[in-house]
């Protein structure tokens, strides 16, 4: 790939990544309870990191360097999924009841 | 202002904050946290001040690296002391 | 002990080492030692099981997973940017068909990353799932995820 | 280097700050545990961007270590100290 | 305005904010959480200061060890140990609060007015790199130019562990049966952690990394295994563990003393320096990993209070 095309794809992926981070943060700020906030962080931020890693891997100098970047993503996914579960379970153990729509209550 | 100088100044403020905390705070755990913050401030000053011209300086970096490891060891020792103190306090009661 | 899993794991950790050192070939000594130690630790912590993992299944699963996790993020983004987030959360209970152990762990992890589901509890075969939008056909999606995992690991449901 | 790395690192920093203020406010103990998730995603992302923004390439290794260990802080948060009392004050 | 400067300013402010919250939070758990967040910001700051070696150590120790250590302490000491954040009862409160800004101003002026260094240390290190046996300056300083600092530091770590062993009393808690998800993660993540530790040890010779960082990752693996209930807390060190704990120091000492016949302490012959440093670093990685893990595993769950309630 020529360098200009690489830079273009890299920039596109990075911006998409940043968008999902923003979505995660907005969700965290606006969602009503800890369970919904968990959804925001475990889904949006993780995809944000995925795109960010992809955007940087496009720029990487060697295949191994790119793979090293891409390796970080599944590691974070595994950690996020596990920690998300631990927090949700803990929240239930603490007796925090989930937020419901007024008509569902 | 260079990056090094900025973090050195932040380090000064952290050091003073940690020192005040270590004197004022009552709980053992808070005192330990305050000491750690104080130490981190000193580390930032060490490295930041040496690099205020923007040239990385390996000597303070190596010192701080060992400092961090010693800090975690002393934190563990201090926590062990705090536990022993709490346990002895319970016995006297 | 069978040789194949040992070889497979050694190869995987050697690949990890190659990626970490970014292809450098200096000083393989430490590399060999740590790959050996890692393989030993992995065999101790996770003795080889008698699954028949299908590689085509893994590839298909990975593609599906990437697509679904993108969907999940888009769903969250859409909800987050709505003027009034249209959430209809509820907690549902699903009885798992997958065998206990690794397959269950995998489905819990996968559900946490897939659109609109977040596991809060596992009791035996009962899975309690927090759902972002209870109006969507979540149970069907969980069943589909189960089927894919079963196919990939070669286990019967 | 596309020139976007540093602005995006700054953008992630602003995200992290907003999220942390939210998380620190609670109201429940579980909300505060969400800080552990921010470590793994936003922290790692920022380190990677800094590495490619002309910083040291070794910051990728730092991000890798953080990603590998992110679960420990989370496990310690969720598994160890939280009780109902730590929520009241 | 310069974006890098904005980033640095924000980061510095967040350092101060998280440190402040760690001191002023209303209960111990929240204080510890903010302290862990402080560690994350500190990692980023080291990255900005072109100090990836320190950032690596801070990331590994901050995320892997400090949090677990402090949260465990909160559990055994109880929230009361960290209570009274305001310190309203301390007679020193007002004098200290009045004096602190003054001290801050004095120190800030001192930092701003600090004279230039008389010796240009980076240049000196640079000139002597050829003799060090490695190509990464921080490792050269740690294990060659200022090797005796590192030697004594390892001794200090060991002393801290002995002190902790002497203090720890009561029964160590058995491994708790944790969530099966964490269990799985720990079993899956430990082998890659070993490879990463090996990589960091390998990296030390020519790029950021080395024994300390590798040891911190190994210790973190042990902490994760313990948190997941796979590794019980250590009660008393057996013979093998004792050898492992002290081995690094012994190898370092042997390497330091051997050239004494024809050179001062800790001068390696340049031809051998690389190999000797690798030997010392490998031994240190194992020993320091065990020492750091021991700091958590010997202490974990021990408290008389637990026994009384039982």
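The first chain written gets the first letter, and so on, giving A, B, C, D and E; residue counts start at 1 in each chain.
The definition used in the following text is that a residue touches a chain if its C-beta (ideal position, glycine included) is under 8 Å from a C-beta of that chain, and two chains touch if they have at least 3 such contacts.
The model shown is predicted, which means the values in this text are computed figures rather than measured ones.
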{"item": "Count of contact steps on the shortest path from subunit B to subunit C", "value": "2"}
{"item": "Chains touching both subunit A and subunit B", "value": "E"}
{"item": "Pair joined by more contacting C-beta pairs (A-D or C-E)", "value": "A-D"}
{"item": "Far-end chain from subunit B, centres as C-alpha averages", "value": "C"}
{"item": "Subunit C and subunit D: spacing of chain centres that average the CA atoms, whole Å", "value": "22"}
{"item": "Cα-centroid distance, subunit A relative to subunit E, in whole angstrom", "value": "29"}
{"item": "Centroid distance [mean C-alpha coordinates] between subunit E and subunit D, Å", "value": "19"}
{"item": "Separation of subunit A from subunit C, taking each centre as the mean of its C-alpha atoms, in whole Å", "value": "16"}
{"item": "Junction residues of subunit D - those touching two or more other chains", "value": "29, 33, 64, 68, 70-71, 75, 77, 79, 82"}
{"item": "Touching two or more other chains - residue numbers and ranges from subunit E", "value": "4, 28, 32, 48, 50, 74, 179, 181-182, 184-185, 188-189, 192, 196, 199, 203"}
{"item": "Complete list of chain pairs which touch one another", "value": "A-C, A-D, A-E, B-E, C-E, D-E"}
{"item": "Residue numbers on subunit A that touch subunit E, as the complex places them", "value": "75, 78-79, 82, 85-86, 89"}
{"item": "Interfacial residue positions of subunit B with respect to subunit E in the complex", "value": "1, 3-10, 12-21, 23-30, 33-34, 36-37, 40, 43-45, 47-51, 55-59, 61-66, 68-70, 72-77, 79-84, 86-87, 90-91"}
{"item": "Complex contact set, residues of subunit C against subunit A", "value": "16, 18-23, 69-70, 72-73, 75-77, 79-81, 85, 87-91, 108-110, 112-113, 115-116, 118-121, 128, 130, 132, 134"}
{"item": "Subunit A-facing residues of subunit D, complex", "value": "1-2, 4-5, 8, 11-12, 15, 18-19, 22-23, 28-31, 33-34, 36-38, 40-42, 44-45, 48-49, 52, 60, 63-64, 67-68, 70-71, 74-75, 77-79, 82, 84, 87"}
{"item": "Subunit B partner contacts - residues on subunit E that touch it in the complex", "value": "4-5, 8-9, 12, 15-16, 19-20, 22-23, 28, 31-32, 35, 38, 42, 45-46, 48-51, 53-54, 57-58, 61, 65-66, 69-70, 73-74, 76-78, 80-85, 87, 89-90, 92-93, 96-97, 100, 103-104, 107-108, 111-112, 114, 117, 121-122, 125, 137-138, 140-142, 145-146, 149-150, 153, 156-157, 160-161, 163-164, 167-170, 212, 216, 288, 291-292, 295-296, 299, 302-305, 308"}
